[in-house]
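A, B, C and D label the chains in the order they appear, each numbered from 1.
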Amino acid sequence: MSNINSFFFIFGKRILVSNILSMDGWFALDKPYLRKLSDPPLENPIFVQGLPGFGNVGRIAAHLLIKFFDAKPFAELYSPTFPDYVAINLKGICHLPRYEFFYAPMEKNNLIIMTGEIQPSFDDVVAHYTVCDSVLDFVETLGCKFIVTMGGVPITEDKTQVYIAATSPRLATEFMEKGAVIYSKGRIVGGTGLTLALAKERKIDGISLLGTTMGFKADKGAGFLVFKFLMKALGKEIKEGLVENNAPEE
Amino acid sequence: MSNINSFFFIFGKRILVSNILSMDGWFALDKPYLRKLSDPPLENPIFVQGLPGFGNVGRIAAHLLIKFFDAKPFAELYSPTFPDYVAINLKGICHLPRYEFFYAPMEKNNLIIMTGEIQPSFDDVVAHYTVCDSVLDFVETLGCKFIVTMGGVPITEDKTQVYIAATSPRLATEFMEKGAVIYSKGRIVGGTGLTLALAKERKIDGISLLGTTMGFKADKGAGFLVFKFLMKALGKEIKEGLVENNAPEE
Amino acid sequence: MSNINSFFFIFGKRILVSNILSMDGWFALDKPYLRKLSDPPLENPIFVQGLPGFGNVGRIAAHLLIKFFDAKPFAELYSPTFPDYVAINLKGICHLPRYEFFYAPMEKNNLIIMTGEIQPSFDDVVAHYTVCDSVLDFVETLGCKFIVTMGGVPITEDKTQVYIAATSPRLATEFMEKGAVIYSKGRIVGGTGLTLALAKERKIDGISLLGTTMGFKADKGAGFLVFKFLMKALGKEIKEGLVENNAPEE
Amino acid sequence: MSNINSFFFIFGKRILVSNILSMDGWFALDKPYLRKLSDPPLENPIFVQGLPGFGNVGRIAAHLLIKFFDAKPFAELYSPTFPDYVAINLKGICHLPRYEFFYAPMEKNNLIIMTGEIQPSFDDVVAHYTVCDSVLDFVETLGCKFIVTMGGVPITEDKTQVYIAATSPRLATEFMEKGAVIYSKGRIVGGTGLTLALAKERKIDGISLLGTTMGFKADKGAGFLVFKFLMKALGKEIKEGLVENNAPEE
């Protein structure tokens, strides 16, 4: 291999200014980035997040919300810390791992629902902070003043329950009175806990709803319970039977 | 050890401006860098990538292409996220781990073929995004509008097949009609998937060709099959027998 | 999902200037950050650090100091390299993992005591350097000229002892004369060692006090011994019995 | 904990300009840094590196060189990617993990010898590139035009030999003629290989001398062999017996 005519070409850091319209779909990959698909009118929205985890409880609950409200996708979050595989859909089309944001109009507050197939790699602690922080950056620009994270709590004996953790004693008590059990002296792992605690640092109110689950496989019952509890708290009574057809597959 | 006359010398970040000719072979090592060896005339080139992975299918197919077209090396990509060992050649000469780019003139489109002995470390997810992104940065500057990534799909029963994933339904259908099977609801790990999905984000068309393979050791048959399928798609009929002498060793 | 009206929104690096009052509790998460809760009058303070580790010796000793002096919290250190779970307190309220700083007025020097429930992830070596360095940045701005790190030393046979390592031979000898054994040819893992060695690089004097412990579970006896030795060195005689009620639980 | 009077204090990135004299021993910890202890007169120095690794061969050979030439320390390299423990010396004094540079005057060329107790963490690939690159940055500023890295090669049967890898065929042949065996089609792991391959990228000539070793424990014989071979190449004949007293302990 000849060295004649050899020269160097270094990839510079590509800097894109926020809010600049990018016509060609080109983005920087050294931090999370958000792609907006539309600009729905949102007033005082409540942000609800359900990611994969114990029993996939959070993700199942999020899918039930999306189905119930017929919520529409309006944004996607990508990150180079999401797993390095790509999913292929039924028709053979690839897409990068991502979080998806949906919106649903309600009487009092609009709802923003976020879910995804993945979380950052287990080992990459900083990635968890960064991604949760980016999510909050985004929902704050949308005017969101209250957040709900949904997840699972692993238990060894069968005891169906919804646990609550909150950013303030007032909120913990309020949801305890609605039937949740205080998650006293517990720990919440991954995005379900971090988004809540980071919201607290920003003085955003919020709660975590945690459904008890016995296994690591998808627990539709626990997901439904969390969904039902949240709906009741939002003033909607939910009948059983909805869960059957609408839980995510995996 | 005396502290008299002690002072500090901090290594600053070395910034090299893109496209500047570096006379002394000196480069920054905090991101991928590309060294061009020559500037071949390329018109509407198709980019084809084959990296190590399941059954080494992609790498074997890439080597067959290089051999068939007598393709010439014209660029090398290095990255501090490539493994921290160096390979020594037959004559005792060392070189850093790298991806190598070859070009081959064809009637309609030129071909750029990339292969390498390594991929970034399995644990370093961000590195995979960064390196694939750098590859696309480079081939885009060369005017490339279509990419092909080649790899293997692990299977448990013996079933010889070429799977296809694509950036659009039109492409998936087009290659299905040429004999590939839609890789419906699958996952593609590492650079083979990421380069495709990142290309899609840039609005670059592309496909993944995945040969079925039963083992982790080099699968020359699967590599040949992917090579043959691609050649047919490019309008070249390939006879058996070519594979014997030309697959990479390891 | 329509691509019409799609645009990009990249999260810029948020830069906050040091010492600027942030009204809304918003901070950057790409490095450690410190939140001051109050500005206690500190004169020539001694910094004492006790983090979790072997037998939780350091943390137990720190809690005994806080209790003895009725020390008050005045600052918190957060880092995206701390574990990605959040702790929930008795009342269901979440908080991010953090180090807490307390101050205690004494006759001669004030005392700053730092403790926490966590250290950075075991694998993230750079994080350990960064966090210890940030701690020293902070205590230096408070005028601190002497530091004490407390920890445990794993031993296989029962031999109750306090080991000493120091930033200078004079200090090692001085504390040896007070009853500690020189930790000759030893190694100190994690924050207990790094904070000491990084202090030495800044020309800050300091010592490590290491209590021998046989297990990984909380060793209240070893913690009390380190506490007692430090108190004697500070001119306070400690009676047994204090330890029973005041060690941290876990 | 009261939130009254709370404010934020963010640690800014500390930027130190190269070659600026730092009076108070304060340095940035986000990249490797070098501390010079003195400024020895060096003319056309040869750089020789021996780090821990297989059989500790490189480190043992480096210590023999330091002893033979009565070489003097003149610089230290620190890095936040070095292990997060600190070593305590015989007298109880701590120091950060580091590489140490020694110089030895010779008739023709001066010798710079570098050794250390550690290498960056095994998992942190980028750290290996960065540290080796920093070492080359430093020795290049000292006018070094030739480097030697020394290490071990694990073998399963007892066969005492010195292998050679080089940056050019001419060098490989030259040292083969002096008795080394070409390390044909081999791999060199860690700093021993990377420093050589990165030197080649900078157009600096160099060789790797690799002593065969059967175990992971310190192999004084292999270390002596590499030392002896290098001494012969430098024009010094070495008698047996030197090795006994002078190899590093561990």
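We adopt the following convention: a contact is a pair of C-beta atoms (placed from the backbone, for glycine too) under 8 Å apart; a residue touches a chain by one contact, two chains touch by 3 or more.
Because the structure is predicted, anything quoted here is derived from the model rather than measured.
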Going by the contact rule set out at the top, which chains touch both subunit A and subunit D?
B, C
Identify the chains adjacent to both subunit C and subunit D in the sense defined at the top.
none
Going by average Cα coordinates, which chain is farthest removed from subunit D?
A
How big is the rotation relating subunit A to subunit C when the fit is done on Cα atoms? Please round to the nearest 5 degrees.
90
Quick check on subunit B against subunit D: do more than half of the interface residue numbers occur in both copies, making it same, or fewer, making it different?
different
Distance between subunit A and subunit B based on Cα centroids, please, to the nearest Å.
34
Nearest whole angstrom, what separates the Cα centre of subunit B from the Cα centre of subunit C?
48
Could you pull out the residues of subunit A that touch at least 2 other chains?
25, 27, 123
Arrangement of touching chains [line / ring / star / complete / other]:
ring
Which chains touch which?
A-B, A-C, B-D, C-D
Could you please specify the touching residues of subunit D with respect to subunit B in the complex?
16-22, 25, 27-28, 31-39, 73, 123, 125-126, 128-130, 133-134, 137-138, 164-169, 172, 176, 182-190, 193-194, 196-198, 200-203, 208
In the complex of these two chains, what residues of subunit A are touching subunit B?
1-3, 5-13, 24-27, 29-30, 78, 80-96, 120-121, 123-124
